[in-house]
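Shared between the two complexes below is subunit A, which pairs with subunit B and subunit C, respectively.
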Partner chain A sequence: MLTSKRLILAHFWLAFALFGLALLLGAWQMLIRSPLHAWISDPEWYYRSVTAHGTVMAYVFPTLVAMGFGYAISETTLEQPLIGRRWAWAGFALVLVGAVMAMIPVSLGLASVLYTFYPPLIGNPFYYIGVVLAVIGSWIWVALMSINLRAWKRANPGKPVPLPMFANVAGSYLWAWTAIGAALELLFQIIPVALGLKSTIDAGLARVLFSWTLHAIVYFWLFPTYIAYYTIVPRAIGGKIYSDAMARIAFVLFLVVAMPIGMHHTFADPQVGAGFKFIHSAFTALVALPTFLTVFTICASVEIAGRLRGGRGFFGWIAALPWRNPIMLAAAFSFVMLGFGGAGGLINMSYQLDTTIHNTQWITGHFHLIFGGAIVIMYFAIAYDLWPHLTGRPLASLGLMRAQLWLWFIGMMVTTFPWHWVGILGMPRRMAFFDYTSPALAPEAIYVTLSAAGGVILVLSGILFFAVLLRRQTAPRVEFEAYRFAVAVHPPAAVPAALNGYGLWLALMIGLTVSNYGFPIAQLALRADTSVPAVFVGGRE
Partner chain B sequence: MSDEAEVLFSRRNPWFIRSVGVTAGIFIIVALSGFVLLPYLQPDLKLAGLWDAICSAAGVIHKSSEQPVQPDFKVSTVALTSQTLKGATPESIGRGATLAHQCAICHGPAGVSRADSPNLAGEYPSVVYKELMDFKTGARVNAVMTPFALHLSDQDMIDLAAYYAYLPRLPAYHPSGATPPRIVISGAPMRGIAPCGSCHGALDNKLGSPWLDGQPEAYIKAQLQAFASGARRNDINEQMRNIARRMTPEEIDEAARYYAAQPAPRT
Partner chain C sequence: MTSQDLHDEGERVAARIERRWLILSIAIVVALAAIAAFAGIHQATMPQTRVETADPSRLHLAGEFVESNLGSAIEPDGSVTVRAIGQQYSFTPACLLVPTDTLVTFRATSADVVHGLIVEGTNINTMLVPGYVSALTVRFERPGDHLMPCQEFCGVGHEGMWAKVKVIDRADFLARAAERRRLTCVD
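Now for the complex of A and B:
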C-alpha cells in the first residue's frame, strides 16, 4: 500500500540528482589528476571538488535513499499509511536545506576540508552546520520508522514484524547511534572553532570520535543493499528467501558488530593505545559473520529460484537463472564487487598488513569498490524495482537497464583495480598532483590513466541510469498490483522475541561502544594538553 | 514491546544468555590478548609488571625515568593561535610606530626596505612577533637583529607587530600569462616538498608563515640557504629545514625570483 508516493519519489529524485552531480565531479577529479590532462596548477580546486564529492556521496545520497526506501518499506510491509507524513516532509526539507547550506561554502572554496573534516583544518561554519541539519533531518526518519513499527506492533500483537521492516528499523537505529560520534565532534569541537569561539582543537579526540561514525556509517549505507538482497532479489527472479531467521540474525549482528570497530581507521594515530587498536581489529573480523551468513542465504535463495526454473545438477541452476533480468544482474555484480572489496577489507583491518597500504590509493579503491560498486549498484536495482509502483508507469527498457548495470560494473572495476595496484606501489591518496615525468612515478601513469577511463565509463552509466528513469516520464499510467517483497520458503508464524525486537541487540551495541570507545574518549577528553591551534582554510586567518 | 522486553532480558531466555555470554566471552579473550599477551610478546617494550603492560596498551603515558634528550640549540618558545595578536588598538600601533624608528635604517621608514632586509609593511603580526621573540631568546641568531631584540619587552614586540601589520604592503606583481614556477604552485611531492604557495601566499596562507610577495630576492635566497645548512632553525617542526634541504639551487632561485618580482621602476 504505497500512499506516500510523492514523498518517496522526492527522496529518490533528490538523492539521484545530487549523485549525478557528484559523479561528474568524481570523474573530473580523476581526469585532471591523471596523465591525460595537464596539471591545473591550483590544488585548491581539486580539494574543493573532493569535498563536494565526498559530502554528497557519503552523507546526503545514501541517507536519502535509505529514508525514501524506508518509507516505502514501512507503507508496503506494514500495510498502513505512513504515520507522521508531515514530519517526514520536514525531515526531507532539513536534508535539502542542509545539503544546500553545506555546498555553498564548499563551492566558494571556503570549506575545502574533505568530508572527513580533518581537524585541525577548519572551514566555514555553514558547511558543518549544513551537515548537522542533514543529519537531524535523517533522525526524524529514524523516529518515524520507530513510531510506525510501534503502532503496527500494537495493532498486531505477537505477529512477526515483516522482514524488510525489521531490517529497515535496525538500519535506522544503527544510523542514529553511529551518527552521534561525528555529531559530538561537530557540535563540541569543530563548530565552536569555526564560529570563532575557540582557536584550538583536540585533533586526536576528533579523529577518535569520527571513527565512531566512519565505519558503522558504511553498514548504514549497506542496509538498503542487504534489504534488497534478501527481500527484492528472490522475488524478482521467481524464488524465495532461504531462511527468514538467518536474515534476521544477519541484520541484528550488524547492529552489534558495526559499532565497536571504527578505530581500525586510526591504526597510524599515536593518540590511541595499541591494546584498543587490537580490540577494534579483532571485532572488525567479526563483521565477516553477518556477511558470510548473507552470502550463504542469498546464494541459497537464488539457487531455489534456479531450481524452480528447471536447473539441475551442481551448477545447472546457475545457467537456469534469469540473467536477462536487471535485478539478477545487479545482484550478481554486487556480489562480485562485495567479494573483492571484502577481501581487500581483510587487509585494511589487520594492523600489520594495513601498514603497507595505509593512506594509499588502495584505500580509495577499497571504499569505492564497496560503496560505489556493491552498494550503489543495488540502489539502482531498488530504483528500477520501485519506480513503476511510484510513478504508475512501467520501465520498459530492460536492455538499457542491463547496459547501464554492465557499464557501472565494468566502470567500477576498471576504476578501482588500478587504484588498488598503485596503492600497493605506494601512491598516496588525497593528493592533487602527481608528477608523472618523474622516473619514480612514470610506471604508474598507465594505471592512473586506466582508472580515469573507468571514471568516464561510470559517467556514461550514470547518463543511462537517468535515461532509463526519464524516458517513460510521459508514458500513460498503468495500474499495478500492490508492491510486495520476497517471502521465505517457510514464512515464520512466530519468531523469538529476540528476533522480533531490538532491545537485546541495542544493549549489546551500546555496551560494546562503551567498552571499546569509553576509555580512549575519556582519556583524551580529560587531558588538558592535547589541543593544537586550528588551521583555517579558505583565506581565513 | 514491553512484555517482549521483560521476557527477553531474563536469565531463562537462551537468546539473552547466549548472546550476552558470547559477546562478553569474545571481549574478554580479545582484551586479554590485546592488553596482556601482546605487550609481553614485544621484547623491546620494557614492562615493570602486569599493570604496566595494561597501562601501556591502553595508551596511558609512561613517566620515563630518563631525562628527555635536550637539543643543543635554543628552540622557539612562541605558541601561536589564530587569536594571537588579534585586534590591535590604535595606541599599540602608535607606540609601535615610535619604536619602529630604530628599525627604519634597514627596514625602511614605511616598512619597505632598500637594503635587502625583509619588507615588514603589511606583514602578519604573528610573524613579526615570533621572529622578534626568537631573536630575543636566541632561537634565531643574527648579528644585527639580536642586539635590538634583547632590549625589547613583550609589549614592545606586540606593538611593533601591530604597527607593521597596519602599514600597506607592497602589492604582489605576477603578470598574467606567466605561470608561477612549479615549486611554488605544486611543490615536489616525490621529494616531500609542499608547494611554497600553500603557506606563503599564491594559493593559501598558514598561521606563522610570512607573506613573501615583494620580499627581496637576496633575502629569500639567504634564508632558504640558511635553513638548508641548518644555520637557521627556528621552524619548530623543522618543516622549512626539511623543505630547503631538498630544494635544488635552481628551485631556490626560481622561488626567490617569483616572490620578489616587482614592476620595473618608472623612469
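Now for the complex of A and C:
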C-alpha cells in the first residue's frame, strides 16, 4: 500500500530535476575540452561546472533516489503506512536546503574545489556546510527505515523480512557508516579552516578519510539498482527470483566488504604504506563476490521467465524473453555495462595495474560506465515501474521508453569507451583544455570528439526521459492493483536469524573498518608535522 | 514420480547449481588476490612502500628539495635519482633528463596543494601530496620524449601544468653528468 505518494514523488522529482541540470553541465564539459571547441578564456568556468556536476550526481541525485525508493519499499512490502512521515519531509527539506546552499557558492565560483574537496584547497564554507546538511537529511531516512522495520518485526515476530526491505535497510546502514569518513574530514579538517578557525590541514589524512567514503558510496548508489534486479525485473517479465537466501547473502556481503577497501583509491599516494595498500587491494577482490552471485541469480531468474514463456533449449529462452518490455531492456543494458565496468574495476583495484591508469581518463570512463550507465539506467527503470502507481496514470508510450533506454545505452558506450582508451594513452583527468596541435596529443583528438558526441546522445536520452514522465502527467487516472515486488520460486517460510537481521553483519562492517582504517588514520592523526597551510580558492586570501 | 517429487528434485538441482557457482566465484576471488600477491613479490611495478615527510613551507630553505638539488643526480651505486617539485601550476624542473638502462628513482613532493604526475607511455604515475615525499623507481629502455602532465586537479591553472621527461642514451647522460652535479634538459 502506497500512502505517502506525494513524499515519494517529491524525492524522485527533485532527484531527476537536479540530474537533468547536471547532465547538461556534463555534456557542456565534454564539448569544451574536445577539439570541437576553442580554449575557453577562463578555465575557472570549467572547474565550477565540474564541481556542480559531481556534487549533484554523487551526493544529491542517488541519495534522493535511494530515499524515495526506500519509502516506497517500506510501505509496499511491510504493508504499513510510513511511520514518521513528518520526519521524512524534514529530511527531504534538509537535502533540498543543503543542495541549494552548496550550489550557490559553487555557481558564484567561490568553491571550485570539485566534489572530492581536495584540501588544502579550501572554498567557501557554505559549500561544505550544504553538503553536510544534505547528508544529515539522508540520515533521517536511515533512522526511519530502521524504525519502520523494527515496528513491523514487533508486529510480525519470526516472519521473514520481505527481501526488498531487507536489502533497502542494509543499503541505508551502509550509507550511514560510509558517510562518516567524509563527515570527519569536513567537520574536523575542512570546515574549521574554511571558517577561519584554523589555518593548516593534513592533506594526507584528508585523503584517507575521504577514501573511507569514496568507495562504499558507490555500493550505496548500487543498492537501488540491485534491489531492482532482484525484485522488480523478475516480476516485470513474468518470472521469479531463483533464490531468496542467496539474494540476502549478496546484500549483507555488500554491507561487510564494501567498507574496508577504500584505500585502493590511494595506491599512488605517499601517505599510506604498502601493507595497508595491499590489504585493501585483497579485500577489494572480495567485493566482486556479491556481484558474481547477483549475476548468477539474476540470469537464472530471467531464464525462469524465458522458460515459462515457452523458451526451449540452451539459448531459446533468451529469444522468448519480453524484449519489448522496457524493464527487460534496461536490465540487459545494465548488465552489459556492469560487465565492462566491472572488468575495468578489477584493473583499477589491482595493486600493480592501477599505476597504468591511475587518475587518467580511464577512471572517468570507468565510473561513468558503472554509475552513469549500469546504475542510472536502472533508476530510469525504477521510475518507469513505480510512476503509474505514484501518479495513478498509466504508462503512455512503451516505444518512447525503449528509445530512451537505447539512447542512454548507446550514449554511455560512445562516451566511455573512447575515454577508457585515451586513459590508456595517458591522458590526465579534469583538464579544461588540451592542446591537440601537439604531436603527442593529436592522436587523442578523434577519441575525445567521439566522447563529446556520446554526451550529446545522453542529453537526447535525458530529454526523452522527461518527455515520458511528463506526458504521463496528462493521461487519465485509472485504478491499479497494489504495487508488488517479485517473489522467490520457493518463498521462504522462515529464514535463519542471521539473514533476517543485521547484527552480525554490522559488527563485521564496523570491525573490519576499524581493523583496516584504524591504524592508518590514528598514525596520520597523531603526527604533528604533516599539516600544511590552506590554499584558498575563489579570490579569498 | 509425483509432481511433488519432481518439484523437490528440481529444488535440489537448483541448490546444487547455485552452490557450484558460489565455489567457482570464491575460487576466482582467491585467484585474483593470489596473482596480485605473486606479482607483488616478483615484479617491479609496485605502489610506494614507505611513508616519508617534507615540510612544504621550508622546501626552499633546507633539505633535499632545495632548488640547487633538483634535477637528476648520479648516486655512488650508479643509479640515478631525480628530484622534482610540483607547485601551482608548474613542475621544477620543467624538463627532466634521465638515462636509458639505468635504475632511476623519482623523488618528488608538492610545495602547496595536491598534485600528481604521470609520465605518458610509462607506468610512472604518482600523487604529490604536500607534507609527504613520493618515491618510485623505474627503468627506461629506449631514448625518447614523454609528456608529464599533472594528473590531479590543483586549481584553475591545472590545465596548464605540463612538464617533459627526456630519455637519452646512458653514455651521453654520463658524459653530461661529468660536467654538472645536477642535470636537467636545459643545461
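One rule holds for everything that comes next: the second predicted complex is superposed on the first by the 541 of 541 C-alpha atoms of A that agree within 3 Å, B and C clash if a C-alpha of one lies under 4 Å from a C-alpha of the other, contacts with A are read in each partner's own complex, and residues count from 1 in each chain.
We adopt the following convention: contacts are C-beta pairs under 8 Å (C-beta built on N, C-alpha and C of every residue); 3 or more make two chains touch, one makes a residue touch a chain.
Every value quoted in this text rests on a predicted model; they were computed, and no experiment measured them.
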Tell me the contact category for A:Tyr47 with respect to subunit B and subunit C: first, second, both or neither. second
Once the structures are superposed on A, label A:Pro533 by its partner contacts, choosing first (subunit B), second (subunit C), both or neither. both
First, second, both or neither for A:Asn148, with subunit B first and subunit C second: neither
One more residue to check, A:Gln29. First (subunit B), second (subunit C), both or neither? neither
Quick one: name whichever of subunit B and subunit C touches more residues of subunit A. C
State whether A:Ala282 touches subunit B only (first), subunit C only (second), both chains, or neither. both
For A:Ser350, select first, second, both or neither according to whether it touches subunit B, subunit C, the two together, or no partner. second
Considering only touches as defined above, state whether A:Asn168 meets subunit B (first), subunit C (second), both or neither. neither
Once the structures are superposed on A, label A:Phe519 by its partner contacts, choosing first (subunit B), second (subunit C), both or neither. first
After superposition on the shared chain, which partner residues are touched by A:Pro496: those of subunit B (first), subunit C (second), both, or neither? first
Footprint overlap on subunit A, comparing subunit B with subunit C: 43-44, 271-274, 277-278, 282, 286, 431, 433-434, 438, 440-441, 533, 535, 537
Would you tell me which residues of subunit A are touching subunit C in their complex? 43-44, 46-47, 50, 112, 114, 116, 118-121, 202-204, 207, 242-243, 246, 266-274, 277-278, 281-282, 285-286, 288-289, 292-293, 296-297, 300, 346, 350-352, 354-356, 358-360, 425-426, 428-434, 438, 440-441, 489-490, 527, 529-533, 535, 537
Residues of subunit B defined as touching subunit A within the complex: 1, 4-5, 7-9, 13, 15-16, 19-20, 23, 26-27, 30-31, 33-35, 38-39, 54, 56-60, 79-83, 124, 179-180, 185-190, 195, 198, 203-207
Provide the residue numbers of subunit C that touch subunit A in the complex, in ascending order. 11, 14-15, 17-18, 21-22, 25-26, 28-29, 32-33, 36-37, 39-40, 43, 45-53, 55-57, 88, 109, 112-114, 116, 118-121, 123-135, 145, 147, 149-159
Residues of subunit A touching subunit B in the complex: 39, 41-44, 150, 153, 199-200, 256, 271-279, 282-283, 286, 431, 433-435, 438, 440-441, 496-501, 503-505, 507-508, 511-512, 515, 519-520, 523, 533-537, 539-541
